[in-house]
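What follows is a pair of complexes built around chain A, which joins chain B in one and chain C in the other.
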Partner chain A sequence: MSVYVTFYSTHDAIKSQRIGAKQGWTCELVPVPRDISANCGMALFVERGSPDGVRSTLEGGGVEPQGVVERDESH
Partner chain B sequence: MKPTPSSAPEIYFDHAATCGARPDAVAEAMLTAMHESANPGRSGHRRSIAAAERVFDARESVARLFGIADERRLVFAQNATDALNLAIRGLLDDTAPPRTVITTRLEHNSVMRPLRALEDAGAIRVEHAPDDAHGFVDADALATRLADDDVTAVIVNHASNVTGLIQPVAAIGAVCRARGVVFVVDAAQSAGALDLDVDHAAIDLLAFTGHKGLLGPQGTGGLFVRDGIEISPLRRGGSGSRSEEERHPDFYPDRLEAGTPNTPGLAGLDAAVRFVESVGPGEMLRHERALAARFSAGLDTIDRARGSNPPHRRVAVVSVEMDGVPSSRVAMRLDRDAGILVRAGLHCAPAAHRALGTHPAGTARFSFGWFNTEAEVDRAIDALARIAATEPASSTPISG
Partner chain C sequence: MGTPRRSLRSHFSGWALFGGFSLGLIAAALTHVGAPPHGGVSASCFIRDTMGWLVAWGDASGTAIRMTLLAAVVGAFGAALAKREFRPQGGASPWLPLGLGVLVALGTGVFVGCPTKLHLRLGGGDPVAIVGLLGMVLGLFIASRFLAAGYHPGRIGPRPTLEAAIFPATVTLAFIAVLCDSVARGAMLDARPGYAAVAWSASLGVLLGAIAQHTRLCFTTGWIDVFFTRRAALLWAPAGAVMGVALGTVVFGDHAVFPFGKTYWAHRDFLWAGAGMVLVGLIAGLAGGCPFRQVIRASQGDRDAALLVCGLAAGSILLTRTGLVVDASFVVTTPMKVAVTGGIAATLVIARTRLSLHS
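Then we have the complex of A and B:
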């Protein structure tokens, strides 16, 4: 499974992508899918990520995600 | 008759107004950002993300330089004046009943004009901090004054743009923190020149500009807002976040940033800060102070000239008076005769000149930068000596 992470601000989106890259995640910033509600227009797509693990890591890096949504898809 | 500019190589001693040269990396970063040309974070496409990364990197770099733990509390502005307006009006616009704001006698108009406007509107009372003859704040006496519970904020110009005098911000910050008073610092002249840590100096609001000591582009600056300090936005609008709402977001940095930012400028600022960090603010200040000291020593050899010389720590700014010669004429002759560029007059700081006894005549201000050399200082002294030797005892001001 993969996850989409949504954010309150653009700043948090970029910060999360940097955190994910340091963690070695396969991740990228993408436009927020239309069926997901979000403050910021960018979401972090994390391939083969677990929602709890991704959230926990980002919170440890000082980012509070707005939402973490699990999806059965890959980019 | 139109004046003929000097054919001598230019020497730029006006760094307190804006830096005279920038590292090549600044222009290169700006050009890259211009070519990328997208609105940061407003869209999800690759160029928008790249632009958002430029802004993010700049925010991280400046936050690192000032010891700001949460970079989101650093919001970008056009310059220090813009940031100070945001700080002062955002903090004090809705103050009721009227409260007292204490500031120094060495403030720039970027602080005095917003304060006087609020004072005229009956929102605040403005008072000067206890100080010595040079405007250096007495932190102990200030602590006594703050024992009365009527003061909302203390606003201090960290380094004077007229004499270079450095205020004891750590001591003042400790006093303000102990009394629960908001401490606001104008770092227009000190950012890049002095080590500045918002926690060490207990600074609640720090305003800076990018185009002076930080060697970045004009149109960049910002404000640090400590968590817990309530600042109302002066502008609201597009933020790239919470787009479905007609209310501006309340989270940082978006709360105090609205509209498309100066992405190329911020890319340049990031490169500039990295350059400053690579040299080290301490090293830059040592070089610039050595030039100022050499200049002051040279001035001592010219009978009619004297420079500001407060007995306190200073950044590399020296204000010069020449007996019987208006500062505007000194500056004009330096430019025309020797290609030396300085700023004459009151330097947007009439309060400071009043405090120092140089109002309304003003001074010819020499402000030294990282790219200046000793040979340039020596040429300036030679040029001043020639002016002193050739000007009549009472010159008339140059107008027009």
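Then we have the complex of A and C:
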């Protein structure tokens, strides 16, 4: 399963991508999918991640996700 | 560790194309029934015109409520509520979006239009818009460098519903008041030079707001996406608007799109049109969307977007009163040039002071 993470600000999205890279996640910034949020901007796409694990790691790095959504897809 | 496989699908967005194309067509239709050429829809100009009515500054170029804008807020507010997408949120610092709103009024005032109108001018055959587009993209690129370096607007999170509802609820009441007044006076179909009749601007405005909310229509976010994600999907929105207004203008036959070269209700000072849009692009990049997008975001509960719109409104009054935006004489004066240069410098200083290193 893959995970999309949405954020309140572009700053948090960029910071989360750097946290993910340090953690060794297969991840990248992508435009927020429409069916996930009414906000535009960027989301973090994490391949083969668990929602709880991704959320707690990002919160530990000082980023508060707006939403964490699990999807059965590769991007 | 690594980057996931990228698909071609991520470079196209049908919703973005639909949203942009719809806006272009609606703008052309509104021009056909009385709105200005190249200006059927504009966030900054319509806010300025409405402020002109509010404070009665007596400038003939803009002194009436722009019903299209009020209606777009109503449409977006209604769509967000209906789809349960009204999400109250905001940051810790109200002064930042307010200040950026005042500065963006300077850029749009000197260019004569926000990024929405820029694309309408582009699709309508205005060569000044090409320079404006280059300026806007340059401003967005500079903003992206600040974002990459850690530009931080402050902590943003959920806010009380009542606080986030103040802006869309107030505008909705104003919309209802204008509608009732027009019905009572039997003036629903009365147009005046430069203004579409209330019946048209209200109905098409509500439709536009709902479409813009659903499609997340924005004229600047696509460029930020390109700089950070290398995906061009949301650029189909501005491309769609250019196509929509060009097609609509040809179909309605109001003025010639080709040969490219006409400028309506604006100046032809290419350099300062571009400089104005550098300022607008810079702020749109930092604030997370063009002025039109800020109006829609404010309608779906984003308090910071509402504050930026309020700053734009206040800035429109301030700058018009002090002669620092282009008026009906369509001349970019030396004080305006100094003000735009100062505005770009001030925005860069604000961005610099809000850098926080990523840890």
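Keep this in mind: the second predicted complex is superposed on the first by the 72 of 75 C-alpha atoms of A that agree within 3 Å, B and C clash if a C-alpha of one lies under 4 Å from a C-alpha of the other, contacts with A are read in each partner's own complex, and residues count from 1 in each chain.
The rule we apply is simple: a contact is a pair of C-beta atoms (placed from the backbone, for glycine too) under 8 Å apart; a residue touches a chain by one contact, two chains touch by 3 or more.
Values in this document were obtained by computation on a predicted structure and should not be read as measured data.
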After superposition on the shared chain, which partner residues are touched by A:Ser9: those of chain B (first), chain C (second), both, or neither?
both
Look at A:Cys27 in the shared chain and tell me whether it touches chain B only, chain C only, both, or neither; answer first, second, both or neither.
second
Chain A: partner with more touched residues, chain B or chain C:
C
A:Glu47 in the overlay: touching chain B, chain C, both, or neither? Say first, second, both or neither.
second
Which holds for A:Gly62: it touches chain B only (first), chain C only (second), both, or neither?
both
The shared contact residues of chain A with chain B and chain C are 8-12, 14-15, 29-31, 39-42, 62
Per the touch rule above, chain A residues touching chain C in the complex are 8-12, 14-15, 18, 21, 24-31, 34, 38-42, 45, 47, 61-62, 64, 66, 74-75
As the complex stands, chain B meets chain A at residues 40-45, 48-49, 52-53, 55-56, 59, 70-72, 239-243, 249, 251, 253-254
Could you pull out which chain C residues touch chain A in their complex?
1-7, 10, 13, 15, 80, 83, 85, 87, 89, 91, 147-148, 150-153, 156-157, 213, 215-216, 218, 221, 224-225, 228-229, 231, 233-234, 288-289, 293, 297, 300, 356, 358-359
Seen from chain A, its contact residues with chain B in the complex are 8-15, 29-32, 39-43, 62
